[in-house]
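Can you read through this structure? Questions will come right after.
Labels for the chains are A, B, C and D, by order of writing; each one numbers its residues from 1.
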Amino acid sequence: MAEVLIGGSKQAARSYSFDEVAIAPSRRTRNTEDVSTAWNIDAYSFETPLLVAPMDSVVSPSSAIELAGHGALASLNLEGVWTRYADPDPILEQIATESAETVTAHMQRIYADESVKPELIEQRIKEMSAAGIVVSVAVSPQRTAELAPIAAKAGADIIVIRGTTVSAEHVNSDGNELNLKEFIHELDVPVIVGGCSTRQAALHLMRTGAAGVLVGFGGGASHTTADVVGIRVPMATAVAEVAAARRDYLDESGGRYVHVIADGSMGSSGDIVKAFACGADAAMVGSVFARATDAPGRGAHWGAEAWHRDLPRGERHLMNQVGTFAEIMSGPSTRADGTVNIVGALRKAMATTGYSDLKEFQRVDMVVTTS
Amino acid sequence: MAEVLIGGSKQAARSYSFDEVAIAPSRRTRNTEDVSTAWNIDAYSFETPLLVAPMDSVVSPSSAIELAGHGALASLNLEGVWTRYADPDPILEQIATESAETVTAHMQRIYADESVKPELIEQRIKEMSAAGIVVSVAVSPQRTAELAPIAAKAGADIIVIRGTTVSAEHVNSDGNELNLKEFIHELDVPVIVGGCSTRQAALHLMRTGAAGVLVGFGGGASHTTADVVGIRVPMATAVAEVAAARRDYLDESGGRYVHVIADGSMGSSGDIVKAFACGADAAMVGSVFARATDAPGRGAHWGAEAWHRDLPRGERHLMNQVGTFAEIMSGPSTRADGTVNIVGALRKAMATTGYSDLKEFQRVDMVVTTS
Amino acid sequence: MAEVLIGGSKQAARSYSFDEVAIAPSRRTRNTEDVSTAWNIDAYSFETPLLVAPMDSVVSPSSAIELAGHGALASLNLEGVWTRYADPDPILEQIATESAETVTAHMQRIYADESVKPELIEQRIKEMSAAGIVVSVAVSPQRTAELAPIAAKAGADIIVIRGTTVSAEHVNSDGNELNLKEFIHELDVPVIVGGCSTRQAALHLMRTGAAGVLVGFGGGASHTTADVVGIRVPMATAVAEVAAARRDYLDESGGRYVHVIADGSMGSSGDIVKAFACGADAAMVGSVFARATDAPGRGAHWGAEAWHRDLPRGERHLMNQVGTFAEIMSGPSTRADGTVNIVGALRKAMATTGYSDLKEFQRVDMVVTTS
Amino acid sequence: MAEVLIGGSKQAARSYSFDEVAIAPSRRTRNTEDVSTAWNIDAYSFETPLLVAPMDSVVSPSSAIELAGHGALASLNLEGVWTRYADPDPILEQIATESAETVTAHMQRIYADESVKPELIEQRIKEMSAAGIVVSVAVSPQRTAELAPIAAKAGADIIVIRGTTVSAEHVNSDGNELNLKEFIHELDVPVIVGGCSTRQAALHLMRTGAAGVLVGFGGGASHTTADVVGIRVPMATAVAEVAAARRDYLDESGGRYVHVIADGSMGSSGDIVKAFACGADAAMVGSVFARATDAPGRGAHWGAEAWHRDLPRGERHLMNQVGTFAEIMSGPSTRADGTVNIVGALRKAMATTGYSDLKEFQRVDMVVTTS
């Protein structure tokens, strides 16, 4: 990245958001029918490279099954309402209808009043397994050691360890820190871990043995990390940097390919397309699916950082509902704002620039614009 | 273009929109009466360098005749309402009055319910020919092989092959792709083709034998390609790059001058002036004329991408009506927003900077500003 | 200026507006009482470096007299209402009260219905002379040859030749062009001429023998040249470039100091301060004084470009009235928005950065910010 | 800093605001419990590095005591209502409830009608001393010589000399200027002095013997210096530059460490975090605490520049009240906008980037973004 001087001896890297970049068509075009959006990670194959973020507003056991039917991999949050409450429906209804003034305090209580229950973890995983889908679940780094083994034993196929920032070197004065490398090695399930946003941090995460790393802080529409703690790395730069770490690690490991998964800050199909152009192998999105009429959030959208006990860094957002999961994935669309037919938009972008698969599309020409 | 690093090894070209550039007067000025806005392409001469985009909201057979009287070259879309419906007036009325919520679905039906009819193509071309104007018609790349010969036979003088992105190397797995170079060679009518936005893509289009290439994605006010598919090349840079391709090709072809026609993203006379300053030979505009009280759109404006079956990338816009075609072209004006007296504004810009013809004006000094 | 590449071979100069720059205090401060804002041009001395733009909304014979009492030099437009109408008061009242939709057409009529009358020019100049003030009047370049001699004969002390862009080399096919150098030489009155915005254009104007050159296009709040004709040079850069021309000419002429007068785009005292920091010797402002409760415009503000017959490039603006001419000049102020106590603000800026006169203040440190 | 050319020979330093920069997590993380926010200056130790600005809207004797209990150091303005009025409560009530149109004139009267009284200075200091807190008071540079000795004698522990711009070389034609170096040397109390915003100005202030220097112009939400006098140095650059001066002076003085205290332009916890990342040792904030339900301003917020007699450069702002002083300092929070739990946010930022104390945190990686 280009270094700029803020002042004195303080250097900073000039970084770009998806709003500031775009894709430039090249000399070749292609039919959309001749384009493949297939994605494979570990032993699993998917029709699309879309993951659905482990947020209660978008992923329930039944929405995960529905989304799998459309080619997307949804992860259930093992610390959300589905493992705290036997019947979360009234809870989800409350969150969707509570007033803006009181909803944060309300959510803080909801997620504090009931603890995560191992038996509900097992039950939810079995519900999804029974439908024959690839079962993905997510845990926070703080509770990984406790919850991930339960999930693995219950039959989870892919485990996501997801926090706003996850490092391979967590320092803990009480000596109880998680050794990610050992943990992943011992766990008999492929792991996706993140977020991270720099080349160095990503390289360390790749060395833990993860199958994929999440790039970003897991939010955008639904969190406000920059305002509260001053932390932000614009996503176009973050994805491109972590893609560089993928190449670094591919060389150093003698050929292990760790998937780079853009996570958050993608509010439209155009943003998702740009993530692949910057080097992502897959994209984990939340708000795009929170706009589904059949989403568990009932039009509301929030992440775990919105109910943090003493320092919430996100809010419940009321989204414009634009169509079913099926329509949002593959259309048809009657909207021109990038909210419906995400896969169609990705295919169109690839076809317009003449690429036939996602790996090649990572090389597409880009421009920097003002937003 | 200046290359910037987004991150990792991902380079991008710093690109500029018309909003970010402006014209700087030089040491000489001139009377507006001493300025010529004449434009010639192939065997045809025009008083102004303005083309009107093949959009149903602005070009009908009768509006093409009216606009020709004011020195502009309007192209009729051969895949629009005039070749699908014997009497499109009620259709146009519906589009103009339908609510914003339902109009996209409505347009999708209108353009699907009736197919394009060869006999209507012939009829519309003859209507225009009968008025003695230079007849220009437009087709999409997908239907060029089918429709362009019909138009040529019916007497079209100039054929525009226009899509959001058109390449000289379209890859088609079923082997039925159009060989543009052979097609244009065999067609006995001059062809204008595009859009394109990079030097390389433009150079390949020029090699097909086209008389002119369109720069841009054919929209601005009326389409949202960037939000939906992430594709965008800001126009000041795109025009300047394609103008460089014109020079490249002029040399490589031993003197064939292919016209560079800026297409879209010009919402005011100021933007149109900047297109010439960046190197355009002519400008194709839509929204500027959709504001005419005598436009077929009745104040509504939309392009073909707004009624795409499953991935619309544009919307019907309701425009502020500002005057007749005659007033929008040459005034007089009572508005200071760049919507009326486009030709007067172009003459004023040329006079203020001391240039007497459009070719010279391509050399005018420019500045980069923030928008 | 730094050159940037728009695309192809099209270079442009990166330019800055007042919004993008600011003044940085240095290691020294000073008392505001120890600061001088005196300005001298030709044989005339003024307490402040503020000129008032020749616009009917701010300068009438009586407001020029009032403003002179506060140290400002106001120029009466010899092509405005005061030389067309014996009693312009009802005219000014109409412009102030006409609706936004119809006011441009109304102004076009007002300035067309009555011609400029030599006897009214004489009368207005004598009204001002009788008050003992330095009499300044303004003419457009088109009518300079006709009107300036009348004004000189009637006793004008300073003549301003002012258009949106004025060049020393106006090319006119009918051979009747004004030779500015000869004209100024023969006229027995000091001349201020402009606008210009580049170093080269300014240098040529300086060589005509002018006492001062105007930098800018004479507007900001009240004109829309950029939207209509695409012409714009952001003012911080324009002033700094013309200040460089002043140094060039000082050397080439063996010591003739031509005053650089920033004209327009200064809507607050902060902008005026920045003009001096960029190298201006004086500042000509309009909108700042149109906010006076005793301005002839009665709260309305417009320039000559707003009533152009067929291509208006400005509008009548209704301004927030903030105080009397006296208060706007020197306070006291109860507002914190830079609209009142312009001279106090200039003194404060100079004191805060440790400078005691305006010539030294041109060297003050500046920063570039985002606006 | 990177120099850019505005035009001609006018150079300027490219400067960055907090909005344009952000913190990038590195490869290490840490528990928030393992982070220290302790700050020491001279003989005094504090749990947090937060100072509260000497503004009547936030600091009264009782609020200073309350804030000290939460680890913050509040300075009482010795030229504010508490030293002019025996009972300022009705005065504060009036300022909070006066209409926006008349409040500036009202404040000008309030601060002019009653003079600063030495006996009230003594009384207020004793009130605070009696509570056992570190007593800090503030004076303007203009009245330092008169008021600071009174405060020192009455028992103030830390004296803040604070103006919008304070220099070590104030030039005064009447010969009565304050020699800061001599004055500070003779005063038997540690002094914090500012604002300043450049490396050179800061270095000179450090040489006066001050214990700390304030960076910035003491405002943001509550003053409009840029609009009125054109002066502004964006804070990220200002803090980084003054941090460089700290290193310069540390070397030249053979080891004297002068504290760099960011002052103003920090409206959220994210901004405060960024100040430390840019090199600040402590942060003085006003508006953040004006949002307290127990602030003396009753939801209103203003600084001394808002009641300047003839050139006010700030306004009374009505703030959104978000919690008690205790909650704003350390939570818990139900808001995600960076207004509550400032210390928690700072700890979170340090933990997320793996730093354990504030001095180390000054080295954290940063990025430049668009705002």
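As a working rule, contacts are C-beta pairs under 8 Å (C-beta built on N, C-alpha and C of every residue); 3 or more make two chains touch, one makes a residue touch a chain.
Since the model is a prediction, treat every value here as computed from it, not as a measurement.
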{"item": "Classification of the chain A:chain D interface as same or different, half of numbers criterion", "value": "different"}
{"item": "Between chain A and its twin chain B, rotation from the CA superposition, multiple of 5 degrees", "value": "90"}
{"item": "For chain A paired with chain D, centre-to-centre distance based on mean C-alpha positions, whole Å", "value": "40"}
{"item": "Chain A-chain C separation of Cα centroids, rounded to whole Å", "value": "56"}
{"item": "Interface hub residues of chain C, defined as touching at least two other chains", "value": "14-16, 237, 370"}
{"item": "Chain-level touch network, classified as line, ring, star, complete or other", "value": "ring"}
{"item": "Chain C partner contacts - residues on chain D that touch it in the complex", "value": "4-17, 20, 104-105, 108, 164-174, 196-198, 200-201, 203-204, 223-224, 226-234, 237, 305-306, 309-315, 370-371"}
{"item": "Contact footprint of chain A on chain D as seen in their complex", "value": "1-2, 14-16, 18, 21-31, 33-34, 199, 236-245, 247, 268-274, 277-279, 331-338, 341, 344-345, 348-349, 352-354, 365-370"}
